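In this document, chain identifiers A, B, C and D correspond to the written order of the chains, with residue numbering beginning at 1 in each.
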């Protein structure tokens, strides 16, 4: 049993880590912090945890030592605390953006703020197990990927590694409301947000930087464009990725690339059916699961390869990815406490 | 052409009045006020009005004289301004709760605040045309009914007037998010509010007072209980009203009561079909319309009369009711600019 | 390890049993039947089970012997097969309506068809563990309750047993689309069903018979009326129950009754909070769980006791209830494989 | 007053034409046909039209002469009736796909069936007023554009005409359920369709042919790819169009092209705001309107021009486009009966 705490547990990512850890046979949750809800039951904020735990929120200043600390703060905050947190915990998994990018300048270009702890950047392993499993096993600091980056990297990695597509890539992302976090605003106000098909970021999505960082190992000439549309969905993320196959690439090559990379992966499924209504990845049936479902279609008329992939942004895109990393870091079975299969219908 | 202004036009009720008035052939909208959006185009806040008007918001302090002033402020505010507003406009239609109840004490009991202008209470006519048409024609001050009260009163009025039901009445109301107004909060935050079936007010709904006030003319022994549940709907309101028919009352009596009261009403429809999937009132097809659809079923096994009624809370429940009152006050055709039939499918 | 088969596994209830059983450490699923999908992978129909099982559907005529058989057929069908099925399996759990009512005439009144196997009616134990735990432990045949009956019985049972409420009860039920099953029709067609607030059964709901059967043990003078409204929800069920407390009953009595009956129940939670936005039961956070959440409010003005309760109709209302019964029948831990806590936000 | 009939009026397009025409001061609706609902009130099928019309459905065999006939049949059917229909009406507006493509072979390639009346193909004017206004004024036969083609053509036409973009175009379309028509199926079944983000057609969308036909006038080297994703929306259509600007093209050029082509268009709005939450086109506020809202963003990093456009698929994409064409054909004001501004919030 390891002792684990969550720094920033009143948000959606923190709550989801807690949900997963409460069922984890090798983990004891020691403390969960919140400034706003000190001494309140966690179930006040996360009502799904009623009768599952008696934990109350602790003020962040009262955080004690633990084996592993999950850090789930708004972007730009964890770098302020990191040196102190590293004294409290042997291992740290950060879910924010602060330590994902290895290059200080790249961070500052996309996040428009100074990075205060650039010396720590290289200590963090990027949290996608499918790309960094061996590093994660030995890591003491992990920076989990952004949700949009996670699903895009997992979709594209085999294609780029196997040299099947050109470097110009367009990612058309369909996003849910939980991605914007727990803080209310007019843009998340139900009468405005319900039913919306909102082009909130036609270009310039920050996760572009992570995608290029991770995939440029295999193609240094990548040009990635993301257009993000928010739809009426609380949880889930689907990307439609428009790519150009290299000359003479056929469908079988794509199958081979995905199979080579993912046939032993417990959380990646290739979804490409001939019949039924779930022929391609569908985020709604992934709610609560750690799966990344990936499908594709070759469009011979326009010589395109369309890749479609879906995740639950709060699980494989955030908290589940973090627990998968934890399982690797401690030598637990990689799927431990991540085996919820999802619901149908939903 | 009358000159009309809207005091408080950046909220949902104000926006809806504006939408209706911009198409009204007898009305010119002179000013629309907002503190927050001074000098901004109304289409910034009400994007459906793009290319329909060049109006910009005026600061409330710059409100000028007009023929008719619509007042659309949060409950408890219009009483502060009313004496001043009566100097600016010949006629006033207030959409808030301040002048709906004729009795100061009843207001203070339900709204938990002192009424600052009790001397004005009796000057206001309650805005439901189906009950107060002749008074409205002569009125200079109108207080529009609350949305929940509007649909409940319209449903119950014929039954109580014709002595068909007992005084104990249970109203189970299914409510939408626009009723709570334009101000974001955690309870309206999309990840929390979407998909919700929230019993936010199992008892104690303030509109009870209006319902009793309006219907006690016909039965002084009313006991009305409202239980309100918020569902995943932006616009619309449905009530399921559980009543006890008096002895020997049969379905035909109910039909007669509704026909007697409503057969010439332009905005009330009795909906009780033998076939199809729209056999009873359905709020979704009423979006944007000024209809109140009413249906009923006699339950012989338990001796109940279940009444079902639906409106668009922002139209018949608020802005449409107000324009209908305006049409009566000025002798315009009662349905003028209120003839949108609603959409199907939607 | 017991060997279990599912007769009728392509519907929503059958799929949900399968989802739960695939994670159950004491159960091996032997066969799952479907006429339409013979030899097809179950994941064609239940896409959440991809990579979780290689099971294919078997034709019902090829059903073999097993320890326990779940029967998930449309109402009125299982009675045709029951004698034959009892030869194939030691124990049977039927999810349909055929064997819920002990009285042939009551069945025929509500279901408008002849009961072909009335001699078997008394062999079945009604499947709600909270009321029939000891009987279930010894049962060989179980008839699971209807979903609407399940949540209503669980809500009312302590109140009626402890003589706290009068016999006249009104249940206002908010229903989801999965309750109507997997067969498409105009009423389930997305453009018609989405956004609907449809009073599809203002009176005469068949589950009334079960509720009266189960609760008349404690009050033989019950008069139960259900009004059912379908809302835009796939999974979940909320009831708002309007009751009359007996004289001098106070809130503390209600708390006592619920605590007495349910304090040791693993799947019943009393939800009545002073703060937060989840103060009463909310079906959306119960999706996938076996909980029944119950809350209440005393309305002193109208002397009502409003009870609010929520379940996932496919879990506690169907498949989860069935697995809970199975766990009892075989002496497995009662919560085995039913421990999913639900998601938030969702 | 012209006499107009609708051939195929029980579907969504037919119902929407009827809704618009019932308010049209220059039109009398003479007959509306349906095989299935002969002699039934139209409000049985289109419940929004209750109390708006007493029309009943006529059997198609009883169709009489009229001035103008709207034909709203499933694709591939109107060609069977067209010669006969041309004898019944002076003017015909067909809403199906049969007469949109001028080239028989192109039709047969995309629709996989023989065209039975190729000799009539050239008699039809394509129904988009913004491109063919003068022809429509003189037309006796009009073929309205497909909904996806309508919004894509309107978005791209100025850019291609003004030589601002390259010929390779990717259209990522977000589609609603009403597009698939009134016939229920498993794919439209609410438990499956609600909440879906379904990649139902990653390539090969038939509307590609219309888009190329209409725009190849200005660039004969077009390569258009559509990827269509169905989302949880009943009405509405949004396209995110990924294009490559030609060398040295700047944002001002794009503004100029749109302004030149559309500044006098009553139903096209350029939506590109600096603030607010409706900065780009949003289909939800277009429900019931005949607007096509178009916005764009230059992505300098990847040298893309992202165009975003939205319509109500049943209005500007179908019935409203048809009525706009009718207004032109008869010299009525072009916006007559098409002035509904849309709702907010919704």
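The criterion applied here is as follows: contacts are C-beta pairs under 8 Å (C-beta built on N, C-alpha and C of every residue); 3 or more make two chains touch, one makes a residue touch a chain.
Keep in mind the model is a prediction, meaning the values are calculated, not measured.
Asks: Spelling it out: a chain qualifies if it touches chain C and also touches chain D; which chains qualify?
Replies: A, B
Asks: For chain B, which other chain has the most distant CA centre?
Replies: Result for the farthest chain: A.
Asks: For the chain pairs B-D and A-D, which is connected through the larger number of C-beta pairs in contact?
Replies: Per the contact counts, A-D leads.
Asks: Nearest whole angstrom, what separates the Cα centre of chain A from the Cα centre of chain D?
Replies: Each chain's C-alpha centroid was found; their separation is 39 Å.
Asks: Approximately how many whole Å separate the CA-defined centres of chain A and chain B?
Replies: Spacing between the chain centres: roughly 45 Å.
Asks: Would you mind pulling out the distance in Å between where the CA atoms of chain B average out and where those of chain D do?
Replies: Measuring from centre to centre gives 36 Å for this pair.
Asks: I need the residues of chain D touching at least two other chains; which ones are they?
Replies: Only 12, 178, 186, 191, 195, 232, 234-235, 282, 345-346 qualify.
Asks: For the complex, give me every residue of chain B touching chain A.
Replies: Residues of chain B touching chain A: 12, 177-178, 182-186, 188-191, 193-195, 232, 234-235.
Asks: Can you name the residues of chain B that touch chain C in the complex?
Replies: Of all residues in chain B, those touching chain C are 168, 170, 172, 174, 186-187, 191-192, 195-200, 202-204, 208, 223-225, 227, 229, 231-233, 236, 238, 240, 242, 277, 279-284, 295-299, 301-302, 304, 306, 308, 310, 345-346.
Asks: Where on chain A does chain C make contact in their complex?
Replies: Going by the criterion above, the answer is residues 12, 15, 19, 22-23, 44-52, 178, 234-235, 269, 271, 273, 275-276, 278, 282, 285, 287-289, 293, 339-346.
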